[in-house]
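Take a look at the structures listed below.
Okay, so chain A shows up in both of these, paired with chain B first and chain C after.
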Partner chain A sequence: MQSKGKIAVLGVSITMLVMWGIITIIPLYWMIIGSFQDSYADASMKISMWPEVWSFEPFSRFFDKTMAWRWLLNSLIVSSILTVTNVFFASLAGYAFAKLHFPGRNAIFWILLMTMMIPTQVTLIPLYILVIDVFNLKDSYMGLILPSIVSVGNIFLMKQYMSTLPTSLIHAARIDACSEFGIFYKIILPMAKPGLSVLAIFSFVFHWNDFFWPLLVTESEAMRTIQVGLAGFKFADTTDFGAIMAGATVASLPMIILFFALQRYFLQGITIGAVKG
Partner chain B sequence: MARVVFKNVEKEFVDGNKETFIAVKESNFTIEDKEFVVFVGPSGCGKTTSLRMIAGLEKQTRGDIMIGDRVVNKLHPKDRDIAMVFQDYALYPHMTIRENLSFGLKNLKQPKDVIAKKVKDASEVLGLDHLLDRKPKELSGGQRQRVAVGRAIVRDPQVFLFDEPLSNLDAKLRVQMRVELAELHKRLEATIVYVTHDQIEAMTLGQRIVVMNKGQIQQVASPTDLYQKPENMFVAGFIGSPPMNFIDVIYEHGKVTMEGAQFELPEHCAHALRAYEGKKLVLGIRPEHLFGEDITMGVPDTYALTSTVQVVEQLGSENLVYFRVGERMVTAKLHPDSDARVGQMKKFLLDMSKVHFFDVETEKRIPMKFMSA
Partner chain C sequence: MVQKLRDHMWAYLFILVPVLLFLVFTLYPIISAFMMSFQRYHVLNPEWIGFDNYKTMFADSVFYKSLWNTFLFTVCTVPVNIAITFMLAYFIFQLRSKWQTFFKAVMYLPAVASGVTISLVWFAMFDPTKDGMINSFLGFFGMEPVMWLSQTSTALFSLMLMTYLGSHGAGIILYLAAMGGIPKSLYEAADIDHASGWAKFSKITWPLLKPTTLYLLVTGVIISFQVFISVYMMTQGGPDFATTTIAYLIYQTAFMFYEFGLASAQSFVLTAIIVVVSIIQFKMFATDIEY
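Up next is the complex of A and B:
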């Protein structure tokens, strides 16, 4: 019967999803478990799926051997500032492109979109020369932050999102003697909160995990972000698995916490992306 | 004090393909102080665009707009002394009703106690007192509509602009709000410009009505004049329900000929039509001015046409009887006791004092002096 077929389909899907979930979770599990076993100390070089002895040694070694606290701080500073600037500029620009009429609006928007078609590898060298040689920003927060202050992708996302907000509210506010910036600040931003939260979370995660650009711009140990620092640590100390795992756990912990705390917004983000191409 | 004047106002839009589209053409009218004027017309005819140009939300391409004694062409909406009620109400969703009502006054830097008093007065008038601390989404459609009106009232403007404020309400509430709006106009003593596509709303609310079609003003007149002396076939067909019937006729030697009938016209008609000797005309008659032969009401039997009844709709208060004259379907609004049956050959009498003639080419009504009844 139909219901039997339904149950079969449901059963197969659940099995597949569970398997997929296990496959996805194993590396994560291994990373966390690995950081609690001190294989370095007994020189066994072995990481088992369940430690015989629980140990916090890998963590303390990771923090002792490296400038991990400083790296975490760097990552936090860079990701936070970039989150704020991206939300601020992308929402302003998105609002302007979606709701304001000004000469050249479409032309400017198309030019911006075209820059999205160019692969980052192509612009990386000119960008590097510009930031390092011309602006002389090597090994500085400015060098880490400046190129990513706002991304075209985020502007595009915000434009799509802002155009779903009713224009009549803007008109009503204009008649209500609200200034143009006031309209943005008092009417648009509060209404756009769900979209802005999603943008903020995604920006933060993206910049926290960003690797390549921080690797290029930073030179001294003290300026590394956590991802770059961790990679350097892996190169320097290939044998200390426990500490590497501990470092990886430390680097991803904020993201894991963020995800569980703001799960609702992550799911919302998926649907926001789904509304318009 | 606050008249609204349009002088040769035009509005063009440029679409994505760089083609210009004229949304409002050569618009000229004067709305008097304290007058309630309704803009009516089919969808896309430029009503909202006209209203937005008064508000300053849309800038006219050509022409001058005056509010009061000022030319407001370059004035920002906030400086025009107007308030607007939007079709979707446009309440600020994240603010309470109180904040919605006071937002404009706060922006105008009015003192706190003045704002509080105005909000209190307006919410009492509109019966919103107990809802002031709610958010818009916690209100019913009718209550939201009142808040939208309230937000306009607290501003105490010279001119109120309404854009289809009732179209999102159910039929019963719409009738109720219509009455309330009419009362409000009396109380406020302000100029009101009201946009609707519902001709009943227009007829009941408007002291004068501006009928628009395809961006052009067709006629500006009182409801009675619109009904009795429509300027052209569009107005005649738009105002009144069911709309005016049109019948193709030929005029010759003081007589009109149509399918199923020929009759001599009264003296004054014939005089007015003398330039159309031998030409085609369109005769217009409203359904309520056609009678079944049983109720003659003093209409001379000479003005009758005979046709087969196609459809009968019984509405309770009246029967709508449909029949064909030539190509055109004609409707008669008959007494519910009339015996019209489908397929029956029936004689319909025309009230000749209510008949209009239209020029086939220009579709304009040919004016004629009626004998006073």
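Up next is the complex of A and C:
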């Protein structure tokens, strides 16, 4: 009786998972398949689930009509720099908040944390004025990077993570007259590697996919990131579905490849700092 | 004492850059936005106008419409998505660990694609002609094509549908981690008492997963209150304001009409709602669980 029930549960589970798995994957499948069909040429917008004729035309149209290579380069530059700065500063500050004792520690940390509840819409306008009018950084890498060098969310994540590391080694190193930065660099960073890798991966994906701030701060075609450029392409040329799908594929393929290459980090990384936080 | 001071110096040095950046790029903007909500913005000499922005805002029917849309969107998506996430996690939990990893990966995958690309793909799938992907699927069952995004009755629902069928991977992973943390002995004890499957679920599984549910609820509500990219990419708030969410309205007010003061006032209403709703959820849902 018991085992029969278990088999039934297993059967239902597998059926539901396969069905929902297909539903989940279909948009991505359709995006990729759609970018190999030249719907523009035969003037029907129809994209089928399997192309009758495979064509690279949508890709070449997308790259011909846009500065897509430049956009990809911009995204790569900005995401890479922001990944490095976020990992470095968030781990440094996270370590200080987790392991060092200093006057004002909790007060400063709570002020940081409380602002996380405030939606981005609030800070966006003053930030826009500050970066564009005061610092004069419209349409520049600096303007894209400066406000996102290190996020409070990442500091919080690293604080949670660092507090799980053993304190005894830190004390031992301090007795050996290691400098505080030496302790961080030689002992903490190597120990924290798994956490730092996860933070690096998620930072990179986040900034590669980021849209709102790059939309506001860039103006010329040459300074667009791939997401903003792609959005602009859609609004300029709504009818060429094939090329739009090709652009979407170009924008997301690097992240899909990254996901398959580093799957373990993606799937385990979510739980860092989130449960029992 | 000297040693202690040196420790402190290092600690302050470690947090110096993040704190400075925070002051300039987060705290100053918050304060500035608050002041701006009482001003008519001008680069050189902003003019103080008291509560005029708030009065304008509360007299604007589109503002109420956007609040209603945002509310509807949140209420119709967050609980449903948590239920879907929970079900999928529960199903995956029945499998061997190799297959668990496989399905976790499948369910997570779309989350690595950006909001812009996902919106573009759905925009194409919602194509209103009979050849559109979703319409041809419905046509297979003999149903008429639907003008998903371009009629007021279905536009907001289309955006909701997108979230139902989107990635639930992150939540699934959190639920699975929490399910793995429930002691087996609890279920064994329940078996000895001949507890039904439902009793085990309602008395053990669900209560012990409450912290995860609360986490998904709070973050889900905060995120859906700020829904923007799908609106911007697919409907631009239309038709007839049917999909104008509060985040999209703020964007429009600020960066299409350049009414910075009014937009700031709107953004503080959004903040107030998010803070109040988050507190209510914690009060209602939070229970200390020990096991």
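Note that the second predicted complex is superposed on the first by the 273 of 277 C-alpha atoms of A that agree within 3 Å, B and C clash if a C-alpha of one lies under 4 Å from a C-alpha of the other, contacts with A are read in each partner's own complex, and residues count from 1 in each chain.
Going forward, contacts are C-beta pairs under 8 Å (C-beta built on N, C-alpha and C of every residue); 3 or more make two chains touch, one makes a residue touch a chain.
Fair warning: this is a prediction, and the values are worked out from it, not measured in the lab.
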| item | value |
| --- | --- |
| Superposed partners chain B and chain C on chain A - clash or fit | fit |
| Touched partner set for A:L127, first chain B, second chain C, both or neither | second |
| Touching partner for A:P166 - first (chain B), second (chain C), both, neither | first |
| Which of chain B and chain C A:C178 touches, first, second, both or neither | first |
| Superposed arrangement, angle subtended at the Cα centre of chain A by chain B and chain C, nearest 10 degrees | 90 |
| Of chain C and chain B, partner touching more chain A residues | C |
| Touching partner for A:F212 - first (chain B), second (chain C), both, neither | second |
| Closest Cα approach, chain C to chain B, once both complexes are overlaid on chain A (Å) | 5 |
| On chain A, positions contacted by chain B and by chain C | 179 |
| In the complex, chain A residues that touch chain B | 166, 168-169, 171-179, 182, 187, 190-191 |
| Chain C - residues contacting chain A, complex | 6-8, 10-12, 14-15, 17-19, 21-22, 24-30, 32-33, 36, 43, 87-88, 90-92, 94-95, 101, 103-110, 112-118, 120-125, 127, 129, 131-133, 165-168, 170, 173-174, 177-178, 197, 211-212, 215, 222, 225-226, 228-229, 232-233, 247, 250-251, 254-255, 260, 263-264, 266-268, 270-271, 274-275, 278 |
| Contacting residues of chain A [partner chain C, same complex] | 5, 9-10, 12-14, 16-17, 20-21, 23-25, 27-28, 30-31, 34, 44-47, 89-90, 92-93, 95-97, 100-103, 105, 108, 111-112, 115, 117-130, 133, 146-147, 149-150, 152, 155, 179-181, 184, 205, 208-209, 211-212, 216, 227, 230-231, 234, 241, 244-245, 247-248, 251-252, 255-256, 258-259, 263, 266-267, 270-271, 274-277 |
| List of chain B residues in touch with chain A within their complex | 52, 55, 57, 76-78, 82-84, 86-88, 90, 92-94, 103-104, 107-108, 151, 155 |
